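Each structure below appears as structure tokens.
You will see two complexes here that share chain A, one where it goes with chain B and one where it goes with chain C.
Right after this comes the complex of A and B.
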């Protein structure tokens, strides 16, 4: 492998990491506040992809603009789902079996609604720009991936700002730390939870919509990404946006460089293999590794 | 036998007797096929319930064991020319070994994390099976047996396997091992403090469940005579296996049996007319059950019974609730959905 190949792979991995972070961050915030592992995430990603396609085909929006427009739509969908279904789940500070089964059932429903509405053929979003590339010296950048990365990374940074600098963000973080204590000091946990669920689903939709301009999709879209999101969360720890970003980067690097040794068909096996290795070697994720290093220093 | 024992053992034995005699009365081949499919599903359902119901470790990856069992049986019967029944046992063993290999890393995760990891396992296994040589790849594997096809033989095989699975489930529910699993379900740390090693218990339950599911997969493979990775390793198989105990009543002995019958009938009768929407129906069922009756069908029956009893008591002018202990029956039929669950 020449240095140029290496640089190309590295850049590709970083670009991939951006989109991975977008899809994982939605799961993380929902988990943080409600302690619900959102198995329906893949279903919402699929919806986001199809919404982006509809916006692109009917209103002729630019795919990236369409993806950004999908965010508020999906956020509203998420809030509606929260009030319809999620609210009735028994509250707990641990993930519960009913919540898991409910989200799983919701995923099945969404996926098969997708089949009913859009059929089962593969769809994709093509623009004249789809195959454009930017040459930065010897490094070749597909333009669309750069845009997707910029949009995704921008939204994740916005989320980080939202969490740190607004009252909503502070309330959300309070609930993440301790739901009951948050209630005591006057955080309306129902309201924050519903907004958080909307935020998480919005990010799921955004991730799906952004992925839609990179890959083809069908109603089964998202399942491999659900597993990747999970690997990222385990890697990065469930607490923070920066943890998710690091996890996304690690997974993207491993996947990109594994292509050198493994056929592409096994790519999913790579992410799962990484999960197994992480669970055995450092069950606490990268955060625990950093903590350990810090303690030693 | 004392009364309590009679109540536990008589219904399954009577049911088994009826089902054993049924083909002798000359029922239609289509009905035999429906029963066969139901028994296969029921076996997997009972197996899943050992881990998912008793121990509360939901797995979305039982298609792995179903598929491994199907392929092991297929390859041993077709390529190895092994006695079909030995091949079924070997299929179960292979699945059990696979379960240990999967369980060693994934049982480091608790509850829901384990559940998501199993989605990863089943996806990975499906991808690998599609790319391997000896499974016939994506084009599938055909099983030819020297003996001619005999539907009654398949019927009895499936029935005996399902009966064995039930016996295992009943045995576990009445012994220390089962109590340990239930303790893990309720509180893993507390269980560990009382001398139950959760990791080992889960591994064992996983292995037993995988064995039974693998045998079920082998039985099905023999009957179908053709299998392919996207079929037997497919995600819908995992979904169905998980759904049966949830519908019937999680963590009970009879729940998965009832769920198996329900799904067997839905699968054969409804899906035939609406092939597009069966996962949609399953999803809606799951949502409705979780939100309205977490105890499944058995829970609903219990609730109905309580309701009827309360009305009857009120009419009789009694004010006290029924204080008789239901303990011996609880694990069989479910305890309803009181605040403790």
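Right after this comes the complex of A and C.
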């Protein structure tokens, strides 16, 4: 492998990590506040992809603009789903079986809704610029991937700012770390949970909408990405945006460089293999590794 | 204009009943907390003291009875509505957010929209009271020492501009010197006009500091009166002070 190949793979990995982070933070915030593993995440990603397509085809929005517009739409969908379904779940400090079943069922419903509305053929978003590339010296960058990365990374940074510098963000983190303490200072946990669910689903929709500019999709869209989101969350821990960003980068690097030794068709096997390895070797994620190294030092 | 001989207490708890599922913990608990006083509830582990405070703040639903704050029945309001009325709880075990900075922990005490405008001013007041917290403001709360954590929890409670401050075992697990320090702070806070409801296993301290005391045993108030008289009550001394 030449140095240029290496640089190209590295850049491709970083660009991929951006979109991986977007699709994982949504699951993370929902898990953090509600301890719900959102198995329906892939279904909401699929909805986001189709919404972006509709906005692109009917209103002729730029695909990136359409993706950003999908965010508030899906956030409202998320809040509605929270009030209709999620808030009836029993409250718990751990994931419960009813919550897993509800989210799994919701995913199936969303998928079939997708088949009813949009049919089962593969769709995609093409613009005259879809195959444009930027030449940065010897490195070749697909333009659309750069835009997708910029939009995704920008939104993740905005989320980090929201969590750190707003009252809503502080309340969200407070419920993640100690729900009881949040209640006694007067955090309305139902309200924060509904907004968090909206935020998480908004990010799912955004991820789907951004991915729709890169890949074709059908109502089953999102399934392989759900598995990747699990890997990233296990790697990065379930609590912090920075953890998710690191997890996304690790997975993207492993997947990108695995191509050197393995056919591209094995990509998903690589992420699943990584999940198994991490669960056995490093069940606490990267944060525990850093902690262990610090204790040794 | 007629002056009423006895002004109504700030907090009046009447025949309070509370339960975890099928297990009833409080069996008709009644007591009063007059304005400006330190009132204490003493009793052993599992008597229902913490449950009483959790029911007053609203985290625990009441099954019967009334909670009157300034004459208003707040017993069915959600916790945030009670915090808005300037009731504040410093819980047993402190319950800080370990991976948030000390300052963010304090600021969360002023989470209610009506409190946010003055949050910075109140933060300065808390830092004046606990200069140590100002030094450690950006440190994660989980890395503070036990005493600093207790100050942080107390400071968080003060950020809500409480009229009634409920303290649950503020001295638990602290070195004797720190216990003195914390209780000195509590007296100082009371002198500034904050009414205090203190729950403590450190019975002699609690009785020394307070004006009125209630003894709670297995979910019932079994004895009450001026703290001085409880401190010399033969039963209290034998069961709760002598053994310490």
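By definition in this document, the second predicted complex is superposed on the first by the 297 of 297 C-alpha atoms of A that agree within 3 Å, B and C clash if a C-alpha of one lies under 4 Å from a C-alpha of the other, contacts with A are read in each partner's own complex, and residues count from 1 in each chain.
Note that a residue touches a chain if its C-beta (ideal position, glycine included) is under 8 Å from a C-beta of that chain, and two chains touch if they have at least 3 such contacts.
The shown structure was predicted, so the numbers you read here are calculated from the model rather than taken from an experiment.
Colleague: Looking at A:37, would you say it contacts chain B, chain C, both, or neither? Reply first, second, both or neither.
Modeller: The answer is first: A:37 touches chain B but not chain C.
Colleague: Touching A:112 in the superposition: chain B (first), chain C (second), both, neither?
Modeller: first
Colleague: For A:88, is the partner it touches chain B (first), chain C (second), both, or none of the two (neither)?
Modeller: In the superposed model, A:88 contacts chain B only, not chain C.
Colleague: With both structures placed on chain A, which of the two partners, chain B or chain C, ends up touching more residues of chain A?
Modeller: Chain A has more residues touched by B than by the other partner.
Colleague: Tell me the contact category for A:154 with respect to chain B and chain C: first, second, both or neither.
Modeller: Neither: A:154 stays clear of chain B and chain C.
Colleague: Between chain B (first) and chain C (second), which, if any, makes contact with A:170: first, second, both or neither?
Modeller: A:170 sits against chain C, while chain B stays out of touch.
Colleague: What is the contact status of A:187 with respect to chain B (first) and chain C (second): first, second, both, or neither?
Modeller: second
Colleague: Who does A:138 touch here: chain B (first), chain C (second), both, or neither?
Modeller: So A:138 meets neither chain B nor chain C here.
Colleague: Could you give the residue numbers on chain A that contact chain B in one complex and chain C in the other?
Modeller: none
Colleague: For the complex, which residues does chain A have touching chain C?
Modeller: Spelled out, the residues of chain A in touch with chain C are 167, 170-171, 173-174, 177-178, 180-188, 239.
Colleague: Over in the complex, which chain C residues touch chain A? Could you list them?
Modeller: 57, 59, 78-80, 82-84, 89, 91, 95-100, 104, 107-109, 111-112, 116, 156, 160
Colleague: Looking at the complex, which residues from chain B come into contact with chain A?
Modeller: 56, 58, 60, 105-106, 108-109, 111-113, 115-117, 119-121, 123-124, 127-128, 130-131, 235, 239, 246, 250, 276-277, 279-280, 282-287, 289-291, 294
Colleague: Where on chain A does chain B make contact in their complex?
Modeller: The touching residues are 37, 39, 85, 88-89, 94-102, 104-113, 115-116, 223-224, 226-227, 230-231, 234, 263, 265-266, 268-269, 271-273, 275-276, 279-280, 283.
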